[in-house]
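First chain written, first letter: the chains are A, B and C, and each begins at residue 1.
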Amino acid sequence: MHQKTWIALAVLATAGAASAQSSVTLFGVLDVGVAHVTGEGVSRTGLSTGGANISRLGFRGTEDLGGGLAAGFWLEAGLDVDSGSGKTSGALAFNRRATVSLSGPFGELRLGRDDAATFLNTLIFDPFLTNGVGGTNAFIMLGAPIQVSNAVGYFLPRELGGFYGQVQYAFGEQPSNADNSKQGNYAGARVGYRTGPFNASLATGKLKGATGAEDVKAHNAGVSYDFGVVRPMLLWASEKKGAVKITAIELGATAPLGNGELRAQVSRYSTQPGSADWHKLALGYGYHFSKRTQVYGAVARLKNDSGAQRSIGLQGLAATGTTLGGSSSGYEIGIRHNF
Amino acid sequence: MHQKTWIALAVLATAGAASAQSSVTLFGVLDVGVAHVTGEGVSRTGLSTGGANISRLGFRGTEDLGGGLAAGFWLEAGLDVDSGSGKTSGALAFNRRATVSLSGPFGELRLGRDDAATFLNTLIFDPFLTNGVGGTNAFIMLGAPIQVSNAVGYFLPRELGGFYGQVQYAFGEQPSNADNSKQGNYAGARVGYRTGPFNASLATGKLKGATGAEDVKAHNAGVSYDFGVVRPMLLWASEKKGAVKITAIELGATAPLGNGELRAQVSRYSTQPGSADWHKLALGYGYHFSKRTQVYGAVARLKNDSGAQRSIGLQGLAATGTTLGGSSSGYEIGIRHNF
Amino acid sequence: MHQKTWIALAVLATAGAASAQSSVTLFGVLDVGVAHVTGEGVSRTGLSTGGANISRLGFRGTEDLGGGLAAGFWLEAGLDVDSGSGKTSGALAFNRRATVSLSGPFGELRLGRDDAATFLNTLIFDPFLTNGVGGTNAFIMLGAPIQVSNAVGYFLPRELGGFYGQVQYAFGEQPSNADNSKQGNYAGARVGYRTGPFNASLATGKLKGATGAEDVKAHNAGVSYDFGVVRPMLLWASEKKGAVKITAIELGATAPLGNGELRAQVSRYSTQPGSADWHKLALGYGYHFSKRTQVYGAVARLKNDSGAQRSIGLQGLAATGTTLGGSSSGYEIGIRHNF
């Protein structure tokens, strides 16, 4: 097989404007590990994927249109390294992101499938980035989406003295004369402020249910501060569907340690009505072989209140289940390679 | 994530012949827009994809074999930017084209999955290239294929004083002793003449039905002439399945206007027997931000005769349906980015 | 569409170590041909794929971590060029390989989906590399895997005076409290010795069945010697599932002839208990247009004993079936293009 290597250069586009520069980038994350998860009286051992970062393969690019304008695209497919599978019928699709953007001094207009505005804080303010045994449970608690298709998004420009924000609307695409004509419509917004070591963000969104089914409302907020020796972070997230509500509060931290990073979180998930609460503790470490390659390990323990029955599972390694009010734990050691 | 950019250079192949040059090209089209389609008393709004050009991702390459011979390959997957989905079980496959070719002074021999010979005229002689609200309805009217698998194709060489042509045979791959042993066999041919501003082409093909089921016969022809200020085109297409026949006649035109292109078509689709005819009117414009990026808009209206019930739909946004004899309309605004 | 070509250069990684070099390679094999297969009183003609080498598309890369260590990844998807389909729900997934590796003086540790240790000899010691009408039937005879997911593999370092070897364990990932808690667990090992023209290898493995279902045990060995004018090879392979056992013995050879390679094999497959044996004869030739492009042809004949009913099929062209004790034959001519 003939070797070809993609090298890091910007190319002069074939586009008219002499100043136009463009690039196409292949990128990916391959993350795979050995993991063990337990419930009460049961365990499962195997290979997991995405323990530190979600495994993915993507193509993205930008084109300078002149006058401060740029066009961009992003295609990103999730995959399971443990099995080689993709995430749509077991095969590859750009389920994580498929967008075309126009950006300029006004900000960015983005069309396609993208992260939901209400998902991002649960990722960014979790030391485990939602991944692996240690990842937060503060998302899709009652059905709020991770990604949304058919979305129109607007992002504020980057130079606003630290302020950032986005609004997003996704079409459910139901026919106008149907009883459930609004089913699947999603609207979300996120605003934040980041300066030096400080970052804070709020998000809110609503996913319309079918006729007779409740909407899912999601709200969350996060704040982090990098003291250098440690970066503590606090995440609050709530999802509400009709009379049911789950609220998560997570205190996390990352800290440089040796040639790597220590990660820890403690979180509590409160369900109303009822006593289906649970909490989770996790500790992990990622050792940087290089900027691209990390070896990581993590341990976590989840404890249910009397009415809850949650157990720890991973991408590529299903949860075992546990008893009502029981506990669950997990550990993993893996390798994450970016390209 | 590590940035890599593919640059535009031909590489000396590792193949023996010192003269051998080869290239591998990543290419794609991402086209996404906001669209609205209506039937009688019903509408649907959402994101569409492929309004100006079908969204796709592909890999292709050629290898100079010396002596005027070349080997080539082409892999092309359709995709929906609005949802990130592919076209096979929702995931990516090279449904648009997967071929290996040998070409030389004799022409090109091509094996694999490819556009059907009888599809191409309906694409080339439609100002909307079959896409979006304005695209022609002159293909797959009664089941003639867009692409065919298991195809052997032969293309005339390019230097024939303007003449071009192809023949194509695709195997249905039924067992010889089955009642339906010819089911799925497809044979097609296309010939044309192109010189300066003039282009004209004829195609004919047949898809074998199952035992007791009729074959689908497709015939079509197109002609266009580029006067500079306007390029009118005429497309005639017919599909016949047993006693049923649909005939399309479309008059279209493109015209440069400002830094873009105006597009228009009027077409009529006649069904025999019966009164299930319909016609369609469409007007659109594409503004060229650059050679690679176009912003476009289009409006279209379809009117059914008393026995027809057609309605306008798009890639990524399903048609609404309409009443018998009713009308349907649509508009869209989108962005198409090539790489 | 904007042309971009990936050129053959090593790039300085963005990683910390100044010595770190890394590469990402796109690679593929596209192999498609016209084939004809027969059983008693029945035949099928069409396009096949992978007659000389399995068609595939992949991405792989390595990163120098310093100190003799390297990280590597490999993603490889099988595909059918005749239809453009992938191998998972008809779409693309990295079903052939998806791994991340750490390698160094100690050898290589590899995690993910990979070739089963017990598959490799049946590939390497078959002149047809398991492919096309002539390929060996000495694998998946009773269900031993070609690839395994959730696998941990260790490979000996390359510099051991010709010795090579690997051990592999793949997790079935059943819950510990299930009756079938070991179902799908696979363990395999392979050792060999290669020096100059000589190569020999042994492999053994076991796939755990469900509760009450038998395990599949596979053993095989191969030896080849390249005399220059001819490279004979011998393959012995056995699979056992409970009381049933199939044993294959194949004598094969490749020989340079003109600007190509002659391939031949004769093989016998013995089933115990019973009389469901069969044997196969095959002859083929591959002409090298270049290092990357080969045109090939092959013919094969399979003869069943009274209790067997095997028939020749190919990737992309299903077998026809035959009568009990009947014969089957096939021929094909195709083109294989690597990039």
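Just so it is clear, contacts are C-beta pairs under 8 Å (C-beta built on N, C-alpha and C of every residue); 3 or more make two chains touch, one makes a residue touch a chain.
Computed from a predicted model, the values in this text were never measured in an experiment.
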Comparing which residue numbers subunit A and subunit C contribute to their contact, where sharing over half means same and under half means different, the two sides are different
Matching the CA atoms of subunit A with those of subunit B requires turning by an angle in degrees, to the nearest 5, of 120
So, in whole Å, the Cα centroid of subunit A is separated from that of subunit C by 37
Where subunit A touches two or more other chains at once, the residues are 2-4, 6-8, 11, 13-14, 22, 24, 26, 28, 86, 88-93, 291-292, 339
Subunit B residues touching subunit A in their complex are 1-8, 11, 13-14, 22, 24, 26, 28, 30-34, 41-47, 57, 79-86, 88-93, 289-293, 316-318, 320-321, 334-335, 337, 339
Subunit B partner, complex, touching residues on subunit A are 2-4, 6-11, 13-17, 20, 22-29, 59, 61, 63, 65-66, 69, 71-73, 75, 77, 86, 88-100, 102, 111-113, 147, 149-152, 171-177, 291-292, 338-339
